[in-house]
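The structures considered in this document are given below.
Both complexes below contain chain A, partnered by chain B and then by chain C.
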Partner chain A sequence: MVQTISITRKITNVVMLTVTGLLTLIVVSVLFFILGYLLWHGGSSLSLQFFTQLPKPTGETGGGMANAIVGSGKILLLASLIGVPIGFLAGVYLAEYSGKSFAFLIRYVTDLLNGVPSIVIGIVAYALVVRPMKHFSTLAGGLALGIMMIPIAVRTTEEFLLSVPKSLREGSLALGATKSRTIFTVVVPAAMAGLTSGMMLNLARVAGETAPLLFTALGNMFWSQGWLQPSAALPVMIYQYAISPYDDWHQQAWAAGFVLLALVLTINITARLIIGRNPGSSRR
Partner chain B sequence: MPDDPKTGAAPKIRSRGLNFFYGKFQALHGVDMDIATNKVTAFIGPSGCGKSTFLRTFNRMNETIPSTRVEGQLELDGANILDMDVTGVRRRIGMVFQKSNPFPKTIFDNVAYGLRINGTTRKSEVEAAVEKSLERAALWTEVKDKLQKPASALSGGQQQRLCIARALAVEPEVLLLDEPCSALDPIATLKIEELLFQIKDITTIVIVTHNMQQAARVADFTGFFFLGKLIEFDNTQVIFQNPGKKETEDYVTGRFG
Partner chain C sequence: MASSTFIHSAPQTGVRGFLRRIKLGEHFSLLITFAATVTILIIVGLLIYELASNSGEAFHKFGWKFITTSDWDPNNDVFGALPFIYGTCVTSFLALLIAVPTGVGAALFLSELAPPVISNALTFLIELLAAVPSVIYGLLGIFVLVPFIQDHLYPVLKQFSFLPLFQGQFYGVSFLSAGIVLSVMVVPFIISVSREVLLAVSTDQREAALALGATKWETTIQIVMPNASTGILGSIFLGLARALGETMAVTMVIGNTPKISASLFSPGYSIASVIANEFGEASPGLHLSSLILLGLVLFGLTIVINAIARVFIMATAQKGA
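Showing the complex of A and B:
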């Protein structure tokens, strides 16, 4: 009797280990599968040309997506300039100044904003910028993604500021520093590694957004004529190329997908490295 | 009462009928005490007896804790501490905490912090003050070649002396120490006690300690707290060798606490 129980237990154990292990392997391999799949289909289009040239008209082979890469860069820069300062300062207020019940309210509203579908935020940016200016533009795209960055920027800031030990604040206050001085010269620097990487992860999160760009930045087959003119962006370019009837465009879309994913992964890994290298900076 | 009234000198800090509340809990009951100028005064007593709370009323650090309240009279050189501008009070009354808390900056910038927030920005002035403070904190020879290294690279005892240097840099009239050696080994503790002797000429020192030998070694006057009351306050020698109250005697002879 005792024997059989122990055998069934052993079998259960082996089965569970195998099942959970295999599923974990699947989870991990999804990323590599996607990377490999993108490279498999788009690899032939990945060349120096892809990064330096404009799209070629249909029928001509070759060409690249330089305008989309630069466009994405400009849109993400604008998004950071809008989302990071607003989210950071609101996060400082939330962590350092707001009372308990008001903090609860801010957190709740921030979470709601985080849950707003990205296409709705796109519509808002359309109504706020595109309609009055009568132009699709880089600015509108940047605004849409910037709004999307705000909630995570707020919560990241709050979380990392609250992780700074009370003893550091007390040390500064005890020297006669004001509260704002303490926050900006002691608390924020102590949380800097976490804040930087949090904001980078936030940026990586919106880098692949497509829907809000469709009717804000619109897309462009040529170099954008300025911040107030329509601009190409990698995700939009992927969408447009993928639904086209041309085989070489499909390949280009795969290549663009690979570039976009590589960009997001690079930002992610850099952010992790920043956190990893300063484990003590927000602790002691 | 300690001998300042006898010498006729005015006390540096004067407390009369001081009550303190954490919400509804009363942590201090009518504490009367005179802190003598340029002497070392120690507070002893079991955990939770109110000695740290009393210390933190001097530089109003308790105000950082929500729903606390203080009642009574508290004077620095005869002026009401509770009416002063809080940053001004803390500029004049420095503090060193139980756990060393160097800022995530260089050794130099840690010591210069207090100077800079108080408006001293001339490089030569700051440099001179940093050197002087590190010397007073008996740390200069150990760190003079690595002033630009992060403070976190120092040992625990060095970090605590750095915090003392940081507090001394703004030349406070009073230095509060809240169990400054509780996390340190005996050698590091000895170094801090020695430096207290060196700096009591320039500042009035108030120290909270769990270590009765430490109080006996460093303090001119000692106050014994129990359950939020100041039970006895006298010359250190009297407290330890000939206490007037039974509770004090029980505590200093190790019968409770």
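Showing the complex of A and C:
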């Protein structure tokens, strides 16, 4: 009697282990499917032209997305210049200066900002930049992605600064350094590996964003001069090419998808390796 | 050294005084970090203000009828958002239906049942999956998933056509396709948040159960799960918020037809998709204002659900500590 109960329990145990393990395996295999499919489809459509030439009009074969690659680079640079300093400094304030309840409020607000759908951020960037200036621009796209970078920048900075041991701070203060000196010459450098990789992950996350660029940077089949003209971006290009009815545009979309995915995953893996090598500062 | 004497003899007021304080750095660093923090509050304030003020025109015209009527006709300036709200809700619900059992099951495996080495490797891969941009999901959705559903899943589901869910013609793009793509996209988030919540449950509890002779699965389901259930619920809400706001992948496979239909085979439309498709070309005035009002609805929906999720997750984190 006791024996049978024990066996059913054992069987349940094994069955559930297998079932949950299989579920995990299914999820992970989706990643390999995506990687494999893009490598196969996108890799074969990829050529040197893709990186050096402008898009060709429909009907002509060949052409590339050089303008979209540069455009994405410019938008991401702008986004980093907006999102990283604001997020970093606010993170320093939360970790080092702020009172508990104010820090709680800010944390909650940044979490909510993090949850705002990207398309809504696009609407706001449109209202703040595009409408007053009366035209779409790299600037508007950069602002949209910059706002999206802030929440993660804040949380990353705060977490990595708080993970720096107290003894380092006390040592610096005991040597007569002021508080701000301690923060910026002792604490921040000690957390540097974590901060860098956190910001890299943050950048990788917005690099693939499409929705907020649709009506801020808009898109452009040619080079975009300066910062105040509509600009192409890789993710937007993928979208436009994918929903087009032309087969050679679909091929280009696959190639662009491959480039974008390779970029995002490379940054991700590098950043995670950096965090992994500094286990003391990995609190995520 | 010379410069330091200069600094000390510099006047305290005006530009020089300000520069001196910068060099000393003390108040300056407090000030600038505080300013950055306030900037965030200002940005969030601006975000709400812009959404609210720019959608005023549509709200004055339609009031609450905006979300209860279903005519969307830009040519005649009639805007009712019900088909979009319906589409957003149906696809998100379908996504959760698939993603919750899969995600929670996988999270249990990763945190409780798998050996640490395997668990860490798989978690790493799942975090990479979460990093895949949504436009890539859309790309695969159009060219791989939709044909797959058409060829393999549709013939099977057609057998259940006595249910209103599976009736009518199937053109590939549909609520069903959008729901399935969304489920793949939210699964990694449900897994990683649930896993963290599960790992926060204290080891003592597990050891006590195992010492009393419980199997690993019994420990997981009877001891660990109840402790983590609020947090797991939080992770599901977080996934829901993400699904509601997801734009690109849904836009590419939902069919973009403002239609309310009980059948999952039917093409539909979602709030985020209609904004993505019409915002760039909308004429200023009622059309644009209506789209921004839709944005406000989406914003409100995700904020409320996110806020609930955070409370749940925090409640578990405190209980676990």
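We take it that the second predicted complex is superposed on the first by the 274 of 284 C-alpha atoms of A that agree within 3 Å, B and C clash if a C-alpha of one lies under 4 Å from a C-alpha of the other, contacts with A are read in each partner's own complex, and residues count from 1 in each chain.
Criterion: a residue touches a chain if its C-beta (ideal position, glycine included) is under 8 Å from a C-beta of that chain, and two chains touch if they have at least 3 such contacts.
This one's a predicted model, so the numbers in the text were calculated from it and none came from an experiment.
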Query - First, second, both or neither for A:Arg181, with chain B first and chain C second - result: both
Query raised in the report: For A:Pro189, is the partner it touches chain B (first), chain C (second), both, or none of the two (neither)?
Result: first
Query - Touch count on chain A, higher of chain B and chain C - result: C
Report task. Applying the touch criterion given at the start, work out whether A:Leu48 contacts chain B, chain C, both or neither, answering first, second, both or neither. Result -> neither
Report task. Once the structures are superposed on A, label A:Glu170 by its partner contacts, choosing first (chain B), second (chain C), both or neither. Result -> first
Report task. Scan A:Leu128 for contacts with chain B and chain C and give back first, second, both or neither. Result -> second
Query raised in the report: Once the shared chain is lined up, is A:Leu89 touching chain B (first), chain C (second), both, or neither of them?
Result: second
**Report entry** Doubly contacted residues of chain A, that is, touched by chain B and again by chain C
**Finding:** 178, 181
Query raised in the report: For the complex, which residues does chain B have touching chain A?
Result: 59, 61, 64, 87-91, 94-95, 97, 99, 101-105, 113-114, 117-118, 152, 163, 166-167, 170
Query raised in the report: Can you name the residues of chain A that touch chain C in the complex?
Result: 9-10, 12-13, 16-17, 19-21, 23-24, 26-28, 30-31, 34, 37-38, 85-90, 92-94, 96-98, 106, 108-113, 115-124, 126-128, 147, 150, 154, 178-181, 183-184, 201, 204-205, 207-211, 214-215, 218, 235, 238-239, 242-243, 250, 253-254, 257, 260-261, 264-265, 268-269, 272
Query - Of all residues in chain A, those that touch chain B in their complex - result: 165, 167-178, 181, 185-186, 189-190, 280-281, 284
**Report entry** Sites on chain C touched by chain A in the complex
**Finding:** 24-26, 28-30, 32-37, 39-41, 43-44, 46-47, 50-51, 54, 101-103, 105-106, 108-110, 113-114, 122, 124-129, 131-136, 138-140, 142-144, 184, 187-188, 191, 215-218, 220-221, 238, 241-242, 244-248, 252, 272, 275-276, 279-280, 291-292, 295, 298-299, 302-303, 306-307, 310
